[in-house]
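In what comes next, subunit A is part of two complexes: it sits with subunit B in the first one and with subunit C in the second one.
Up next is the complex of A and B:
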């Protein structure tokens, strides 16, 4: 009886299993395998055996073999892509979480115009990041609105002015855009959480003459801790995978067309596919490195949350 | 502190566009609670009693009228400045904090106005007084006896014992624990060292122009104590928290989270949190409604004891008349936002001013019949239940009148051959509970759902019709229209 049911169940699951196996499981395993192959040829599928060199080269331990082309790009992974990815993640994620928390609390405490403000803060969520990048590009161009307001003519965006931007200025605009774009989803989650906190806790705190800031830190934040954990894990993962924002905003790998200093990990991986796949074993290794980093950070957050999150 | 509400109204605005009318939650309410009293706001749900409590707390503002604490008008004062403690219906304990932190939380916000004290001299003197004259042996014994199963001394237990016995702060307990009690010389050295330190400290202070009085307060050149406004120190908070925990008997639970406690214990924590800052008024919103029946009786006596011990003016909201009757000094019966009657519970019970109060108080509830007053007697269904009476006050000139006749369950007397006065009731059910029995009866002129009467358990009753005599003082008459009380008096003598 039980066996029969199991069989039926598998049949029902088949369509999903086939699709997952074909488009998720197989690529996943394949990526892992290819990352260990030497001189892998995308077109023929041939290679000259297993090696750890792909990882060693990416992490700057070994030199890129000189019989292959694309040395500059591969070297840019350790030099630019990895540091940039970490930098973007560790700047944008904490700032956007704190900002979203403050905005959510503020939105939750007003009655008039609340829906209007909620709509305003929510628009980025339904806007395409490429379109957002283009608008930011115009706003921050050397003759754009921001420079107009500041009364300066700083170059922020590559190829959109007479001079090339500095790394700092380009990164600044990128982080502002990512933070702005990431806010709405977080605000939404936090408002949902805020509305489920019993008002009595605040009444009790008021009776005890608790200052506002203390009410926020000792009541709001602990009660929102499950939402904060959720948002923080998902946005760390999103941060590590940042690519679209750079492509949309800069349409360039670097502040000048010659270098790769605005690279991120995912940008690097996509580029390897784009250039005919000759170095795709390196792209696979990069993907595995990124996976390990994300895994470690997620585990770390779950570990911290055990002590700090109250359900 | 005395609490006075004068002409309080609370109207919740409706929405005229949607056809929602204004809700009058409280109307023209006048209440006075005397200093040190336990007062009960009593009424059915939706009568405005909780709204009244929240207005006293300052969490809701009255639409009109004034609230006074003693002579101070606090109507528009924010809740944090009123100095009240409030226990919420579902306790509102912070789930992420331990019991200790929950109780300490109000204290961490508190700023106190005190005189500057030399804590150093005070603790050193205390140390000497605890060690001197061989008194250190007591401490030594206490520490040595602080063992759990093993023979090793348990530090936490020893500290707790020291704190509980000598009423000292945890840091001072640690100092005591760390001393070497092995020989008298060691202790003497400690005492000598402490005395030296005291002299040094006094010298230091006098260089700055201060001296110290007997209670270790600093004095300036004019021998006046120096005022300072400051937050409480950790040690002070610890002592206050432990004191109040002892008062409500939860010393053992301090390290637990509220979730790990039973309902009754959570209730105590909530009361402790409300009391720890020594508020001027304690407000309790349906504090027993989340407890089971047995715990409710125990806890209400507990509340009574705590209130008596602290002497704090307390207002207590409940819909359970038994609860209010059993512990309150004064009760205020409310209905539909209006005060129906106030007074000592037993007086309100014996002398209800209107039909609502009569029906609301008492278990089993009062039995109401449609009756008549005529020929100087009271009739129910043409049975004369009481004669030789006349109506008084504004009803004095009435010789006949249709009335509600309300009779308390304990007002019936069973007599075998009752001929003259009385009321015939058909007994349908009998439930015997030891010394008394409750009879559920029927009568065609009854207005209450059931007629329940309570008589002595020894009376031989079976399921049939009986004629009961009625105690005159258990009969209350009410006007058919206004439902106000109609008083009558005996004219037989």
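Up next is the complex of A and C:
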């Protein structure tokens, strides 16, 4: 009986195990290995040995070797991709969390039309970020709605027929788009958390004449802290992995001009593969660097939250 | 602004014979109504911004584009007799955006991968929750750990694997390469485990007494009981499959023939007119293409709203 079940269990798990081994565990080890190889050629698997240079070049410590092509792209990692990734994350995540919290509290305080509003607010979640980016591109085009309302003709999107936007304007639209797209998920999680808070705490506070803002800060926020931590961890991870929003908005051009200045880490990784992959070992090293950043940041949040989160 | 409190009210009752109590409750009520108006106004503004891109997309797709200057007006409405329905015919002739064949690619990949994910998830969850065997918990831990690792760590190596296995050429090879790395989703397994765990053990014993084996028990008892969760999983998989961009774009290596529709919309469809620096995008056609790509999912969402929102809220699955 035990033995039979043993065998059966593995049979049922077999498809999942095989796929995870092939497309998750093996790549994990492989990516790590390749990131330490010099002059790796993916078509043949040849390399000229072990090296730390890939990391050193990406982190701006060493020069990219002259005998290889694609220097501009590689240099863009340290110069643009890394700073942009951090900038986008640290701007969009806090703003979208605070906004989502306010919207969720407002939504939770009404009874009529709540389902309708909730449905409307959630719709962006099921929409393609590529399509969203293209629509934002139209809204923010030089002759588009936003410019007409502002009475200006600012160039936000690098596009044919319009002048090149400044880095600031391109980043601004990108952050607005990301915040717009990231809100629904957060609102939904916060609403779930709010509905599980016992009403009696609010009733008690009302009898004590606690002002609304204090009720929010001393009841709502502490009781919501597990959801806030959860949303914060997942959205920081998503922020660090930003790529598709940029591809959608800027027509797969990671730049306002010709220098990759709108690159992010993940954009860098995909672009390395998609433009021929001749420096794929650098893409692997970039992925490992990104992984380390995400890991450190997640651990930091878990550490800070130990003192602040009430379960 | 301090809201009137219970003890103040009591004092007022004694002092002024209840006259002001009515006044204060009235004041209380008006304050509440004003507050509610603010809340609704705020929510309306948010709703406006949430819907604006959708409205603008549909509206633009139905406007005429001035061929001389390529500009589109920014009016919020179109008179009915000026609606450019023809954009939806013209968009079928756009270069690199062969909608029928793109739909075949997308529906095949989404369909097969959804069915595959469904069975893989059901089998794995059945093993994790119903069968006892050595190493089960260790495997589940391993699965959970893989969930924490960003998928960007796999793409380079997976691309090399697909290239070496010669899976980046030909229809079925590319279809396979597009879906294979994402067939197992540990989030879905975790979600289904939670549901399967709630099914009482007595049902299993009763089924055994009835002479049902494990396989029959899984399909006749567990799957029907867990059907709401399974519907959620199928819907989430369809959404993520349809919307996938980065990996599907990587595996087609610049060739639109077997690409997914989302990838083609951004990277292969040529909505521009004219040559070189004088070329301009036909925004109206571009938006018609965007509508075609987004509308199916919005309809799916509106029909299955409850399942999707519950699933996302419960497990916190990010698309």
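The rule is simple: the second predicted complex is superposed on the first by the 291 of 311 C-alpha atoms of A that agree within 3 Å, B and C clash if a C-alpha of one lies under 4 Å from a C-alpha of the other, contacts with A are read in each partner's own complex, and residues count from 1 in each chain.
What we mean here is this: a contact is a pair of C-beta atoms (placed from the backbone, for glycine too) under 8 Å apart; a residue touches a chain by one contact, two chains touch by 3 or more.
Please read these numbers as outputs of a predicted model, since none were measured by experiment.
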Subunit B versus subunit C as contact partner of A:9, first or second or both or neither: second
First, second, both or neither for A:222, with subunit B first and subunit C second: first
Which superposed partner A:30 touches (first subunit B, second subunit C, both, neither): second
Partner chain in contact with A:198 - subunit B first, subunit C second, else both or neither: first
Contacts of A:57 with subunit B and subunit C, given as first, second, both or neither: neither
Contacts of A:211 with subunit B and subunit C, given as first, second, both or neither: both
If touched residues of subunit A are counted for subunit B and for subunit C, the larger one: C
Intersection of subunit A interface sets (partners subunit B, subunit C): 206-207, 209, 211
Subunit B-touching residues of subunit A, taken from the complex the two chains share: 198, 200-201, 203-211, 214, 218-219, 222-223, 225, 310
Complex interface listing, subunit C residues touching subunit A: 2-3, 5-6, 36, 39-40, 42-43, 46-47, 49-54, 56-57, 60, 70-72, 74, 119-121, 123-124, 126-128, 131-134, 136, 139, 142-143, 146, 148-150, 152-161, 163-164, 180-181, 183-184, 189, 214, 239, 242-243, 245-246, 249-250, 253-254, 262, 265-267, 272, 277, 279-281, 283, 286-287, 290, 293-294, 297-298, 300-302, 305, 308-309, 312-314, 316, 318-319
Sites on subunit B touched by subunit A in the complex: 57-59, 78-81, 84-86, 88, 90, 92, 94-97, 105-106, 109-110, 273, 277
Sites on subunit A touched by subunit C in the complex: 2, 5-10, 12-13, 15-17, 19-20, 22-28, 30-31, 34, 42-43, 45, 103, 106-107, 109-110, 113, 117-136, 138-139, 141, 143-145, 148, 159-161, 180, 183, 185, 188-189, 191-192, 206-207, 209, 211, 230, 234, 237-238, 240-241, 243-244, 247-248, 251-252, 265-266, 269-270, 272-274, 277, 280, 283-284, 287-288, 290-291, 294, 298
